[in-house]
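Each of the next two complexes has chain A plus one other chain: chain B in the first, chain C in the second.
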Partner chain A sequence: MPLATASTASSYISIRDDARSLSRNERAFTRECALRTKALRLDGRTSEQVRPVRLHMGRWDHGAECTVEWGNTRVTSLCTAELVRPNLDRPNEGQLVISVDLSPSASPSFRQAPPFTTGAGIAGGGQGPNYAGNNQRLQANRILRCLEKIVLTGGTLDVEALCLVPAQWVWRFHLALTILDDAGNPMDAAVMAAIASLRHYRKPHVDLDAHAGGGDDSNDPALASAPILIPSHLKEPTPLPLHHTPLAISFAFIPLEDGSNLSTAAGVVDRTSSSSSAGVVAALVDPNDREELLQNGSLTVGMNIHAEVCLLDYGGGCELPPTQLQECWKKAEGCIRQLCTMLEASLEQADKQAQADRLQKLVVQQQETRTTTTRSTTTNNNTNTELPPLPSSPYFQQSDNPGENTTAMDVDNNDDDNNVEQVQTEAEEAYRQLALDYSQGYKATKVREDTDHMKHSSQAYFNQAGKLMKTIFESAKSASATADNDQKDKGKAPTVGQPKKQGTKAATTTTTTNKTGKSSETPSKKAKGTKAATAGQLDSDEEETTQMLQSEFKAEQADPAKPDAKAKPMDVDDDDIDDLAMAISSKKKKKKKAKK
Partner chain B sequence: MTSSISKSNNTVRRSDGRLLLNADGSACTTLRPLSCELSCLQRADGSSLWKSGSTQVMAAVYGPIAPRIPSQEKGDEAQVSVVIKSGRHNNANNNSKSNNSMLEREWEQLLTSILTACIDTHAYARTVVEVVLQVVQDDGSVLAAALHSSVAALMDAGVSLTNLPVATTFLLSIHKEKPLLILLDPSSNEETNPENCVLVMVTENNDPKRILATHSMTATSSKKTKTVATLSATTVLSCAQAAAKATPAVVTFWRLAMEQRVTRESQTLWSS
Partner chain C sequence: MTTSLRRADLLSLSNLRNDGRKPEEIRRLRVQLGPLAGEAGGSALVEMGLTMALAVVKGPMECLRRSDELPDRAILDVKVSAAPFGFGTDRRVTNANTDRRLVEAAHWLQKAMEATVLLQLHPKSRIQIHVLVLADDGGRLCAAINAATCALLDAGIPMKDFCVACTAGLDEDTTLVDLNRREESSSNGQPAVVLPCAMLPQRGTVVLAQCEARLPSTDTLHRVQAAAMDGCRAVFEILQAAVRERATTLLSARKGHASIENAFP
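== the complex of A and B ==
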């Protein structure tokens, strides 16, 4: 069988894909919850909430990269540029080559295949040992086309501005996107990563008059006057001329009737009297992977912070009333504004970091130019050529440190750098702790950048808190003055169908504070607290699940609570109140003891 | 000359800041700082982000899982399938892409054979263990970082290993005239210097004095004159000894990382 021989040649064996199936129960339940007046989602968000987003950016001489953690979805974008001869029929335009790669690390349903590119790339697809499955191809293609529309035709990057010498040298940009982890909605994450890396990229200065190399160039006319890119330590590179910064937001459409929007045995849908919110189709912002599997249609809106739309990608799949489209538009405006402000903040931070790195590099460069004369590769005096005995070797001298340890790092860092690094690693560690807290729904969270976004979402849950619960919390809170932070973990927004993710919550912060006991705890706990507002789980078993739903709807009418960042709403049945209060106070005591 | 270097305040350093020579003039053998983050990806069964200095490699492990085509199963053993993806090219040059991809295929084969030797394959018959490696940042010693991160991800996924392979990267000068200086864990400036040769030695934890695999690379020189890269047998033996000494360091670090992850999981996942 030809495939078998091909696989032995290339050592890649694709695995069975069990990532795209959804049980009937889960499907029916999720749809039912999504179609309610006030939609409920399995991860605790409302239908208008975006998952927390985190950005990491890096920059070096000839490129910039950005990794976006959108909830649990992780996408990396790499932006590099080179100088090339322009196309003959477009002598004044630069080029942009985008490639989208759905890595097999993202999902078992993705196979190792050449990435999808625009422009002259490897002819991907076709049958062979490495070819993408249908779904993979469609998804990659969709992301690619949307990016193209947003960046090129949407007027973000003006290709005419990329022209260096008309008809001679133009910039060709490569945007390489890799989807590392697919937890739903890689499209939005990919767009954000691409835009962020374009924004973060700095274009080097070019020396047009220099000739590259010596006599070889006379034979090769193409290289005869190749411009040289000036490295960044000589001349500071400049940002790209982007017209605006659009981002994308996607909606998942779940129609009332599975497969069609018409009336079925379930009852006639009265469209004339349906209110705008109780529409025929439920639109969920930023679907996660389960919701993506059961969506019938998907809409992606590309918009900048001024609510100017540059992309509207609706591939069909369900019938959408125009009013619904308008609503989605409005929802998108709000989400995009938040995302744009967050992006700007992250870009600024990353820029500062990159500037600091560049200065350090400059310093190192200067030192190097001073020490080049004294540098030599002489070693110790031993010139013995006989085979060394096993326990010791005259050639290999070990430093005095016991073993090559990570601590044996002989770098002259300032204390400041060390402290900064330490704080950063502590923050990372705290973030990791939080991200791994399965009871919180196992989501990657923003610790620093997204706090505003968090406050908005916590408000929504406060509106649903019962007054009784609030008073109980306040009494429990007043019981312990110092250990107030633990309450955040009690954040229980009513969520449905998470029997697996039970188990507490206050114990986790208890033990973590015991374990880490560092100063950066406090900011991390605060982030934890705000994060807990968005996720949540039940401290009870499934019977009470349905009851909770009811009470949650009744509590809709409750007055919004004061924005108390320390207390969290709890929707537990009356029977559990006493147990819970006791549990809270006992855990507080435990924590107090431990702290002492 | 040697003494003047060691006495002066201007200590000679390698390109990433590590000391080149010790006070007595011998080569300073330090690894770059290591960092390992386990379970960084949600979808994969096991994942790790391994940082060695500025080199970052992310590994994702899926498996043991059935292969898509049932005829590709092996009746009594598990199979290891390794994919290496590097998003980043050190040279913004199109020509280097094809070179890189050939090198990556070579590394994939090497890692497949190393991991097949170290995983308890007979415990997972008829399955595939897929390891996807993403080179996030390339600053030298990528093969070693890839191997270490894949082993960490395998541990995170819970695949049982019979042996822990540790790769040590050596930077050797290929000039016979200059006296030998063996340096560990080169960064990418040092690797791409055409005067140097990089040798990767893989040893295993059970008996670090035995070599599991080796791999050598020379940077392609842009000059017209070719320098043939040859190493003397004593050099290779010295490297083997050095690798034996470096193995426990990495193994200890793995243990640290796993301990942290297990304690963290016990706090968050089973916190009742």
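== the complex of A and C ==
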């Protein structure tokens, strides 16, 4: 509805809102186009075409976000979750708080206002009946209510499934939507963004036994019994239990009789003409902003891909013969099917990307932990060179056990539980120092970590293991190491080695769900029997030589042959498998050396 | 021992609903036009079963803000509030400006009335509609719309047609008309299918339709929609009769034959 232009008579000057007003010519022309039998709109679409939609998704440990670009309309949805005490009235239900923010960046007609939320809302409305503010309020409220209906009452998210411990802990989801750009039809974009972020979100596992954990929250006495969310590098998070994936599509109604056609001479409605023309209403799918200003009424239908209707919001505004209403539903079915398939494809792609990112992160984390332990050892000793295995190192403690995978794994578990946080902070510190240390940054990491690795983790571990075990472990370590190093040394890793690395990484990551980030032993275990293992071993041979060369520059690596010799298998594990051929050759060499 | 036949069993045996109605029957509808006589405008009190809504209309009058006014038509300023007392309404004091359900109801009411009232006859003016829901036993929105229609008629504002509203629902494949609160509330964890629908009965067009629950197909939607429209027509008959009666009373009062009672029941 166009706002009034400035009134000249009074001293009260009202501001014309260009984003919300339509000139008469534009109005007449758009109406004419829309009301033709084969409507052709100003942007070239027919009355049944939806604008092109693009999705960008992201995921991190405790949240997921999705940005939808629906034509020029842009909406961002952020999905996060936390564990809270349930509502006393509903002890077995989780909670969902939705908030919609029509930000001023969306349109010059929107004012900065607190977002409309279903949770503990901010008591607003201090301005009184402000019509311009009303428009924004009503629109935000409409989007909020439609989302609430689609997600909650429409049966998408089952709140009872969000209950963790009945009457004690439930999940509370926050769905925060921000309309960044309003070029018409933010409702559909908002619904798609919200649903996509809910689908993309992965719920972390929860450690209910708080006292056994590493103690993230156990410092706080109030949360002493709070369950701890297990970070995603330890346990793979799970998707949400959604019953179905509904999407919404909106129509704009432009009736033939706009009211200005009525004969107002006697103030009497021309019955005959109006009744005959009452049936002619143009229904445009997915209006853009000009058409939205023009529309008299709008209809939003929420459906899933199986044409199950879960929301019908026909907010009136214009008369509609019931047959036309039914026609619109049929049109909506087709559009929604298209949108749903597109959403599924985007979700899959984003999921793959997120998984790949997660693997990389895990590998980097492993590298960092090794670096951290190395650093800690170096700082402890004044002599920067030689690093005998430090009793304080967690890895070393584990390596006391003979090379049984299971026992070692168990030790790893304990280690994880106890030291994960410490190791993480150390890793961060180590990474930071590494980044600032130029002399070590240049491919020194590979070598350093190899030395660390050989020094701490696997010495006893590998020595005691059989040759096969040793080689397996080495290859696994080198695989992960090579993975990390490959990331750092761009030019070095030939493409041949990349797939191997990926494979190893994947192997390591998936298998070490509980123990990642700890030691190189776990990756080595996982990589058992894989070709990558051999490749790693082969690589280690290469790295041995490099180590020897570079050790001169580094205090830590000043340690000559002995650690090198021992570290060779370790090095292999740490280093990425750059080249399969190299790996094979180095493996052979390493075996020879080990025998020695 | 004689087994006592429970009321619920009796109802289900004879295919009646929980208050004894047939599936296509609407509740008792009582309309009172002009209960608040002092108002310079119109008012109406509509009772659909136990749901009671009071609507007060003022206008056409000047806009509060010059920036609000439209050059070619009037604007509708609608507010719906729920009384904290009264059967069925929320005990918490819900602010009509911020409570999202009330704001939504006001928005729908405004849209429905925009399609009905001849706004072009009063440019640059404002028509204020305030609906107070006194008791809520299901069908709050419909009672509000019906009350607003009657109040507008009582105020003498020209309209294209009556705007009548009625809910319809689905109970295991039987379409029900005019649901009460019990039928509206969700049973077995599934939200009940409730479709409030407003239409202009003499013109045969729909101006409002809402549905929140999950329906298996659009055909089901057609059926429920058709049932709602039947309910609207039944409501229309009663409303029309009430308006005619009121008009007759006013005419005869003008001639001195009768006096107008505005007793609030």
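The rule we apply is simple: the second predicted complex is superposed on the first by the 314 of 596 C-alpha atoms of A that agree within 3 Å, B and C clash if a C-alpha of one lies under 4 Å from a C-alpha of the other, contacts with A are read in each partner's own complex, and residues count from 1 in each chain.
We adopt the following convention: contacts are C-beta pairs under 8 Å (C-beta built on N, C-alpha and C of every residue); 3 or more make two chains touch, one makes a residue touch a chain.
A quick note: this is a predicted structure, and the numbers were derived from the prediction, not measured.
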**Message:** By residue count, which of the two partners contacts chain A more extensively, chain B or chain C?
**Reply:** B
**Prompt:** Which partner does A:Leu144 contact after superposing on A: first (chain B), second (chain C), both, neither?
**Reply:** second
**Touching partner for A:Thr178 - first (chain B), second (chain C), both, neither** = first
**Message:** Is A:Asp313 touching anything from chain B or chain C once the two structures are fitted on A? First, second, both or neither.
**Reply:** second
**Asked** What is the contact status of A:Glu65 with respect to chain B (first) and chain C (second): first, second, both, or neither?
**Response** first
**Message:** Touch test for A:Pro321: chain B only (first), chain C only (second), both, or neither?
**Reply:** second
**Prompt:** Who does A:Lys330 touch here: chain B (first), chain C (second), both, or neither?
**Reply:** second
**Request:** Look at A:Ile228 in the shared chain and tell me whether it touches chain B only, chain C only, both, or neither; answer first, second, both or neither.
**Result:** neither
**Asked** Just chain B (first), just chain C (second), both, or neither: which does A:Thr80 touch?
**Response** first
**Request:** Return first, second, both or neither, reflecting whether A:Val165 touches chain B, chain C, both chains, or no partner chain.
**Result:** neither
**Request:** Please identify the positions on chain A that touch both chain B and chain C, taking each partner from its own complex.
**Result:** 1, 3-4, 7, 10, 12, 14-15
**Prompt:** What residues on chain C touch chain A, complex-wise?
**Reply:** 64-73, 75, 77, 95, 97-98, 100-101, 103-104, 107-108, 111-112, 114-115, 118-121, 124, 158, 160, 189-191, 195, 198-200, 203-218, 220-222, 225-226, 229
**Message:** Residue numbers of chain A touching chain B in their complex, please.
**Reply:** 1, 3-4, 7, 10-19, 58, 62-63, 65, 67, 72, 74, 76, 78, 80-82, 101, 103-108, 111-112, 176, 178, 180-183, 289, 364, 370-371, 374-381, 383, 385, 387-388, 390, 393, 395-401, 403-406, 408-412, 425, 428, 432-433, 436-439, 442, 444, 502-505, 507-508, 511-512, 515
**Request:** Show which residues of chain A lie in contact with chain C when the two form their complex.
**Result:** 1-5, 7, 10, 12, 14-15, 116, 118, 121, 123-125, 128-132, 137-138, 141-142, 144-145, 149, 153-155, 160, 259-260, 262, 264, 267, 269, 274-275, 278-279, 296-297, 307-322, 325-326, 329-330, 333
**Request:** Over in the complex, which chain B residues touch chain A? Could you list them?
**Result:** 1-2, 4-5, 8, 10, 12, 16-22, 24-35, 37, 39, 41-44, 47, 58, 60, 62-63, 65-69, 71-72, 79, 81-83, 85, 87-89, 92-94, 105, 108-109, 112, 128, 130, 132, 134, 136-137, 173, 178-182, 184, 209, 234-235, 237-239, 241-242, 245-246, 248-249, 253, 263-265, 267-272
